[in-house]
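What follows is subunit A paired twice: with subunit B in the first complex and subunit C in the second.
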Partner chain A sequence: MLSVEQFLTLGAILFCIGLFGALTKRNIIIVLVSVELMLTAVNINLLTFARFGLTPSINGQIFTLFVMTIAAAEVAVGLAILIALYRNRNTSDVRDQDLMKW
Partner chain B sequence: MNAMNGLTQLHFSDLWHVMAPEMILVIGGFLILVLDLFMSKESSRRLSPQLGILFLIAAFVLTIRNFGIVADNAAAGGDMINLSNMLYVLDDFGNVFKLLFTAGTAVVLLMSIDFFKHNLEVKVAEYTYLMLFATVGAMVMASALDLITLFVGLELLSISSYVLVAMRRNHAKSTEGAMKYLVIGSVASAMALYGMSFLYGVTGQTNLAMGASTMLQLWDQFKPVLVLGFLLMLVGFGVKVALVPFHQWAPDTYEGAGNPVTSFLAVVSKAAGFALILRVFLWGFSRVFGDIYIYLVILAALTMVIGNVAALTQKNIKRLLAYSSVAQAGYLLIPLATLGKGSSIDNIWLSLGQTVFYLVAYLFMTMGAFAVLTVVTRQAGNETLEAFRGLWRRSPFLAVSMAVFTLSMAGMPLTAGFVGKFYIFLGTINTEMYWLGGLLFATSAIAFYYYFGVLKAIFLKDSSVETHEKIQVPASIGVTIAIGLIGTIVLGVYPDAMMKLLNGLHWFGQ
Partner chain C sequence: MFSGLVITGQTVAFFLIALFLIACGVMLLSMKKVIYMAISIGGVFIGAAAVYILLEADFLAFAQVLVYAGAITIMLLFAIMLTKHDELERPAVITAHPVWSVLGTAGLGLIVLWVVKFSGIKWPQATADSPFQGQDNVKMIGESLFSQYVIPFELVSVVLIVALVGAITLANKEEKN
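Here is the complex of A and B:
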């Protein structure tokens, strides 16, 4: 039987990988994927608490559905903006986004 | 209305009773969306913003009606008016913010009419309904009392704003600013959500009102987890209102976005972020606020100092205003931070009054400044301070207006900005946080320096040869500037009326 700690650790590890990726990756698509990873970590956390929390309740599962829906909307807008950006600049490299500085 | 657990049946009349302004805006947004499909391109471009302003005014009026409903309910001694077991509440805290959002967005749309004429690639109907939906998101953030609903409101505002920033899609800076905003904004949302998941895990509730009492019982046992949750949420919300050190997106996004969108981000989006922060921390963490307020104090101090110092080196006027708006976020956080020292109920009302007063003052001066900036930078063809050189000769009206707005932002007496800052300062004295008040003063002095640079360009320097002709002010921009001027001066000269109104409110429905 898996314990609560193991689920939470999995969530924490995923969250950290996602945050690391979002901060260091060069390709904007990978950055967006990393953000999704962070949201997955949130979902694991919420589901763990909904099942094994101090006072388990259905709210966590409902929260997860909302998080998934909104994450999809966010990434759709992100990709649309990325396409517009690519048409303007011909690059999706984070390091090239330097028209405005300081 | 009934406190039964489980499912409560919702009737349309209940919904309309509590969320009429939100519903009218949603209906308006969809109406504009559908009408756009049937109208010719020209008439859609002309009518959409006007329809949008009409619906915003309707929402404004309905919100005013809601003050009466709350007052009647409080007089009758009823419970807080709410939907589905405190999922969504109707109180004057939300109402005040809703007035601010609807009025702010209406002024933004007014400014946009001129923006559309000069940016033909912008799809007007899309722009208008996204503005309305973003406003609905902001209103949900001000009224919801449940983490799930708050999160949905926050994302409705954020996602609409990402698209609005990218509206000038052939403009490289615009798409770059939008991309930066989107990436940082979604990382921030993920962090806030991770924080919320810990809050939910310990209290077993997504509802702030019900979670608060559970949290007090479990505070000692689970303090590290709860503080971690609080900090993650603070980071997430801090990004939305551009607190230092989470402000890096703000100057780039503000510079990239079109002027009306920038003023929307600076005023409505920021006010919504503050509504969310106040709602979550005053309700969810109300019982344990004494243990966590120190983080807010640190962020407020950092934001004031770094926001103002970074503004000193800016040559681009939009970036200068962006850093200035970062600094204003620091001032706005002070009333909440001071509650840690004296969180009696009177102090809470006082703090809310200070925050809202400053936000209203900030609305007037920022909208006005961006309206002036739009005309001036367009004529000059660049966005540097040079564009303002000799403005006094070219257009005395614009010159004087800009002087009033910048002086108000700096905190010159007889302007709204001064009164707002003064009330916040009094709050720090009340709660004996003298050093924070001193810092407010010191950083305002720095602010005077860079605002003075703008004034010097306007009045003392001669304009370069090629831009010597008079500036024509379009009607919609002129009206915006006039609204800003009247608001800034009236609130500065005669603030008592506004303060009296704020003091008479039933902030949380009692």
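Here is the complex of A and C:
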């Protein structure tokens, strides 16, 4: 039988992989992908408590649906910004985007 | 570690899926070519959809396959090819930054795993029979979305349309007059 802890552990591991990728990767697209991975880990946690929580209900699934919608919007805007940056600076490396760096 | 684990079809499926998910995540971190990283994130999204099915969120599993594994992965591949598609990830220079990243991520992971496993929190016990037994998942989501959550639903649609128009405006090449 499945337990809450297994899903929470999986979510924590995926979140840490995503966090590490977002902190260390140099390509902007991969940083964006890592953020998506973190959001997926959060979704797994939400669905776990919607199914196995003290008061199982559909609300966790509705919330996950909203998270997915906002994530899709985020990717669209992020990739548009990436295309605009690439056109202007001709690079997709995070460390070259230092125009606003203090 | 998982004391009292009963081997059933569900647990076997869970551990296979979890192994696949973590393997794809590690591939995302360790691949040399950027395009392979984007393909391994597609694997992560499909594995997450399988986890959603195990959690009895059927509609969300299909939405995950359609939106993430279909649309977002393809869009990422397009973005990679529009920039520099054969570019290798540059080898990391040993500075203070990666060390702090490793320490911070490992520390966070250990804290979260400690809270999940060893802190003595009593997580709610999973019941063998589903709490949503005999109910249509899609119907439940639809009824909830259009009665209790109708205002957030409309707001999210506004956010989506604003994001679409904004993305087109940002990526549009300005006319030289």
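The definition used in the following text is that the second predicted complex is superposed on the first by the 102 of 102 C-alpha atoms of A that agree within 3 Å, B and C clash if a C-alpha of one lies under 4 Å from a C-alpha of the other, contacts with A are read in each partner's own complex, and residues count from 1 in each chain.
Definition applied: contacts are C-beta pairs under 8 Å (C-beta built on N, C-alpha and C of every residue); 3 or more make two chains touch, one makes a residue touch a chain.
All of these numbers come straight from a predicted model, not from anything done at the bench.
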(request) Using the superposition on chain A described above, determine whether A:58 touches subunit B (first), subunit C (second), both, or neither. (result) second
(request) Considering only the touch criterion stated at the top, classify A:66 as touching first (subunit B), second (subunit C), both, or neither. (result) both
(request) Name the chain, either subunit B or subunit C, that contacts more residues of subunit A. (result) C
(message) Is A:13 touching anything from subunit B or subunit C once the two structures are fitted on A? First, second, both or neither.
(response) second
(message) Once chain A of both complexes is superposed, is A:93 in touch with subunit B (first), subunit C (second), both, or neither?
(response) second
(message) Tell me the contact category for A:35 with respect to subunit B and subunit C: first, second, both or neither.
(response) first
(request) Go through subunit A and flag every residue that touches subunit B in one model and subunit C in the other. (result) 15, 18-19, 32, 48, 53-54, 56, 59, 62, 66, 70, 73-74, 77, 80-82, 84, 87
(request) Using the touch definition up top, name the residues of subunit B that touch subunit A in the complex. (result) 147-148, 151-152, 155, 158-159, 162-163, 166, 169-173, 175-180, 182-183, 186-187, 189-191, 193-194, 196-198, 200-206, 214, 218, 251-252, 255-256, 313, 319
(message) So in the complex, the part of subunit A that touches subunit B is made up of which residues?
(response) 15, 18-19, 22, 28, 31-32, 35, 38-39, 41-42, 45-46, 48-49, 53-57, 59-60, 62-63, 66-67, 70, 73-74, 77-78, 80-82, 84-85, 87-89, 97, 99-100, 102
(request) Please give the residue numbers of subunit C that touch subunit A in the complex, ascending. (result) 2, 5-6, 8, 10-11, 14, 18, 21-22, 25-26, 28-29, 34, 37-38, 41, 44-45, 48, 51-52, 54-57, 59-60, 63-64, 67-68, 71-72, 75-76, 79-80, 82-84, 87, 89-90, 92, 97-98, 101-102, 104-106, 108-109, 112-113, 116-117, 123-126, 128, 130-132, 137, 140-141, 144-145, 149, 152, 156, 159-160, 163-164, 166-171, 173
(request) Could you pull out which subunit A residues touch subunit C in their complex? (result) 1-10, 12-21, 23-27, 29-30, 32-34, 36-37, 40, 43-44, 47-48, 50-54, 56, 58-59, 61-62, 64-66, 68-70, 72-77, 79-84, 86-87, 92-93
